[in-house]
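First chain written, first letter: the chains are A, B, C and D, and each begins at residue 1.
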Amino acid sequence: MDYQATLERIHNALKPVIGQGKVASYIPELANVPPEQFGMAVVELDGTVHSVGDAQVRFSIQSVSKLFALTLAFQREGDSLWARVGREPSGNPFNSLVQLERESGIPRNPFINAGALVITDILASRFTAAETATSSFLSRVSARPDVTYNARVAQSERQTSSRNAAMAHFMKSFGNLHNRVGDVLDAYCRTCAIEMSCVDLARAVGFLVNRGVNPWNNETVLDASSTKRLSALMLTCGTYDAAGDFAFRVGLPAKSGVGGGIVAILPGECGICVWSPALEETGNSYAGSLALEMFTTFTGKSIF
Amino acid sequence: MDYQATLERIHNALKPVIGQGKVASYIPELANVPPEQFGMAVVELDGTVHSVGDAQVRFSIQSVSKLFALTLAFQREGDSLWARVGREPSGNPFNSLVQLERESGIPRNPFINAGALVITDILASRFTAAETATSSFLSRVSARPDVTYNARVAQSERQTSSRNAAMAHFMKSFGNLHNRVGDVLDAYCRTCAIEMSCVDLARAVGFLVNRGVNPWNNETVLDASSTKRLSALMLTCGTYDAAGDFAFRVGLPAKSGVGGGIVAILPGECGICVWSPALEETGNSYAGSLALEMFTTFTGKSIF
Amino acid sequence: MDYQATLERIHNALKPVIGQGKVASYIPELANVPPEQFGMAVVELDGTVHSVGDAQVRFSIQSVSKLFALTLAFQREGDSLWARVGREPSGNPFNSLVQLERESGIPRNPFINAGALVITDILASRFTAAETATSSFLSRVSARPDVTYNARVAQSERQTSSRNAAMAHFMKSFGNLHNRVGDVLDAYCRTCAIEMSCVDLARAVGFLVNRGVNPWNNETVLDASSTKRLSALMLTCGTYDAAGDFAFRVGLPAKSGVGGGIVAILPGECGICVWSPALEETGNSYAGSLALEMFTTFTGKSIF
Amino acid sequence: MDYQATLERIHNALKPVIGQGKVASYIPELANVPPEQFGMAVVELDGTVHSVGDAQVRFSIQSVSKLFALTLAFQREGDSLWARVGREPSGNPFNSLVQLERESGIPRNPFINAGALVITDILASRFTAAETATSSFLSRVSARPDVTYNARVAQSERQTSSRNAAMAHFMKSFGNLHNRVGDVLDAYCRTCAIEMSCVDLARAVGFLVNRGVNPWNNETVLDASSTKRLSALMLTCGTYDAAGDFAFRVGLPAKSGVGGGIVAILPGECGICVWSPALEETGNSYAGSLALEMFTTFTGKSIF
């Protein structure tokens, strides 16, 4: 498969629409990111890298971080994790409190904000600093020593995190948050503010492509069965309230973030990451979603 | 792959739990089905049939019929279909009116009751009788001339269909139902009352396994891309409010019914059907769900 | 108290705004009512009538009928009535299904549509025709022999009653509707289509003003305690989702209808009815609500 | 009217049921209050006091304080207050987040917790300490110099206020809370922890009985029209989600608290306060609600 040619074909086809949509504005520091950027990378299991556009530019990975925080928590907690967070699509906007109320403080899945707060709380109970645990984990799986967060973005997000604070306090009222709310929010915002490039992230999902084994150092991150299960969760819950539509159009397990990044995996073959900051109403990158749809159309490959 | 041995291993492993759970009781005629039944069949693309237990017993396919009614409507309407029904998991019990109210009478997906009523309405506008259109379609894809519905079950269901009537009238108030409510409910209940065996149904999904081409007569039912999309929809929405959990545990596109049947597909390889009438709280067959989980564990095969 | 002068003062003050708002459009026959009409009447307990404007014009009383249907059902059933319908404000638009779902098919109160359908069902079980029972009752309490409904309006409403049909079927699914849904809807629509004038309706609430005794024939309709309770229900639930605001601004027990009529009572003194077809967003008459607010301001009388 | 005899008759009638129900347990300090206590007081406009039982025992007034905090805020802000809080019954349990989400952070009324947090925020913007402003106001209207809060109860409540914290942060996300969340919660919990007796509270509502004028010092607290409006709000929203039922059974404007206190007013005649710590499921005092129902039955007086 000539992935480089495919990426270039996608890049050319998308040029007219790059920048369409809206950059996330609720985090002031992110509102200033120029929308006319686009990068995409494919990393094969042998380490070969294909890329186009701004694939080496670091961006705010935001909710893409939830995939790695969950992996780390799942690795340590195993299936007992699922007593505190569900595995079902949310069927509601990603910051809704309604479902949390109806379901006794158990978030529907670990990829909505409420669920990621619980995951952060779990990591905060196991590690000195939850955000460092996740960034160190990202360093190992992406084979980059220097994964870190942008302190200004973290602080900007922390200052506008009233809704996340509401959810955290609400879950605490149900006993589903064990650490101090302020500490969990600090760690959560810092984790969201981690910055990486498309190439880094396409490499970072290598262990998911490779049945749980980190291809860059041969360490087992998860067993094969758990890896498949995580991929299933990405498919059903990874792209906010548009997961059904995304599965329908793209057909790959994926996780998106409001920074405009989306990572996806083609099991056994390659990790993929696309980034373009302007978003659809669903919170997913507009050009990024189209790019992944083209990827499966042009290559004829999907999990279905 | 020795599917016959796998089926026998599953059957043996499950014997202690067959009958656990509760037979659907809201349709009086179904409440009398003895729970201690279990059948499972695998049909490969070359036509080879593997089966265990009660795999030749006809049962009420109920919501499994929604998969075939949708296929037929999608074949005729194409993507214009999605203006009247969504593609997102419901995130709510399968007969909920709440979401319908919030979303202006557009059901979340074609596999919840409300969505299937819209599909039935679409077929009722195109065919003399929607239920006959679906049963004829099932005859063609399962290579059985005699697919038909059980009139007693249909009538029993029709007499207890107040909730479906409520949803139908409600959608009509939004303009999303074009035929007479009574007619649509008649056709809907008859379609649910179609009776088939595991072997029949494992054969009937052959076109989904075979990229849209009916393997038994080489007719194209859907193009390859539409077929994949339908499979994605099965994965995210096919098993009521447990789709996320089902994808996590089983990892195959599937559609279940309250009669206790579940069909699943392993793309490019085989169609699978399992039946056991006793249900989990989610409305899916208890032994059937376990059987499919074992199938992917024992064979090491899933779409992930 | 010079009620005639008060009515004239109100009429003059309101002239600039009569016709502002929107005539109910969901019932085609009602959409054609000219909005620039206004009538108001006060009937004292000694039978003295004061009126201004179109106080003798008959209009479609719509939900004002719910007050009298409830009285009749309460008279016959007594407190056992409250097992089938609540006494709490709805806190939701008047045709919502959400609350009905959450509360097992028990409507919040008898003045929302769902509750009035239950009341109609109760009357349908006790009388040959529920609509005739209510119109006969209205004849007795208003001392007018000829209270009847407009058949064209009833039919128009029946043909656009999908939401009410949805609610009726939904309540039937919970066992809270005993007669045939179609029959209940017929009777309900006919009851809503009863036509009366302001003078008629201000006289019809005489028994509520007079501690339960019909002042025009000295018959006891309800005992004094039940009468007070009904008045309390009017205050907390009588004006759709604006009951709190209405109590705050007006301070009188009242019942409104989308035909633009509102009846109110000043216990021990008089019955009041105002009519003007153009509505606020809440479904209450715009000029009518202002007129009643002025009435309590100008007279200095309210129940508080 | 011989109020003393009426109180004694009520007290005797209720003796068998005093202590039935459940003392509020979510605030640890309150959980230890012995349930078998009952006091009731009536204060006439000329200052005459009637009382029975534990009418001089100070108890935690809890949400009864919301009535006085609102009065103070309304006195200072006037009708601009209603841009930040509604006037409609909630139709939901008193700590629900659902409605807040649907209605953009505007609480339905000032007597649910969310609404009282907004009122506290308003007072915090106008006074050095919101809790002191309210307790000073209570001193003036009850003619007791020493109204103050119980610090242990306030702290106990503050430590278990995760749900209130969730609501406060949530409203802040909509811009409807201006001060620091922690400061507002501190003031809110202290205000709830104010301790007064039945006699004190029956005297404190004197200005509401007396058309807005404090009968003990002749100061005007509110104008007559605003006073009536506040009474209307008590009737429709003062007793949590049971306001409709309470109006139906009792027929007096009232405000209750989970400490077991309820104040009520008979306009132009007297203030009433009853206290008994064991609660109904609705959060209102069980014996207290019955006592007020008996009061209107025995005296034949209500606002209806």
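The rule is simple: contacts are C-beta pairs under 8 Å (C-beta built on N, C-alpha and C of every residue); 3 or more make two chains touch, one makes a residue touch a chain.
These numbers were taken from a predicted model, which means no experiment stands behind them.
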Labels of chains that are neighbours to chain B and to chain D: A, C
Relative orientation of copies chain A and chain B, as a Cα rotation angle in degrees, nearest 5: 180
Centre-to-centre distance between chain B and chain A (centres being mean Cα positions), rounded to whole Å: 32
Distance between chain centroids, defined by C-alpha means - chain B, chain C (Å): 48
Chain A-chain C separation of Cα centroids, rounded to whole Å: 55
Residues of chain D whose C-beta touches two or more other chains: none
Touching chain combinations (by label order): A-B, A-D, B-C, C-D
Interfacial residue positions of chain B with respect to chain A in the complex: 86-92, 99, 108-109, 225, 228-229, 231-233, 235-237, 241-245, 247-249, 251, 253, 267, 297, 302-304
Interface residues, chain A side, partner chain D - complex: 96-98, 101, 162-163, 165-170, 172-173, 181
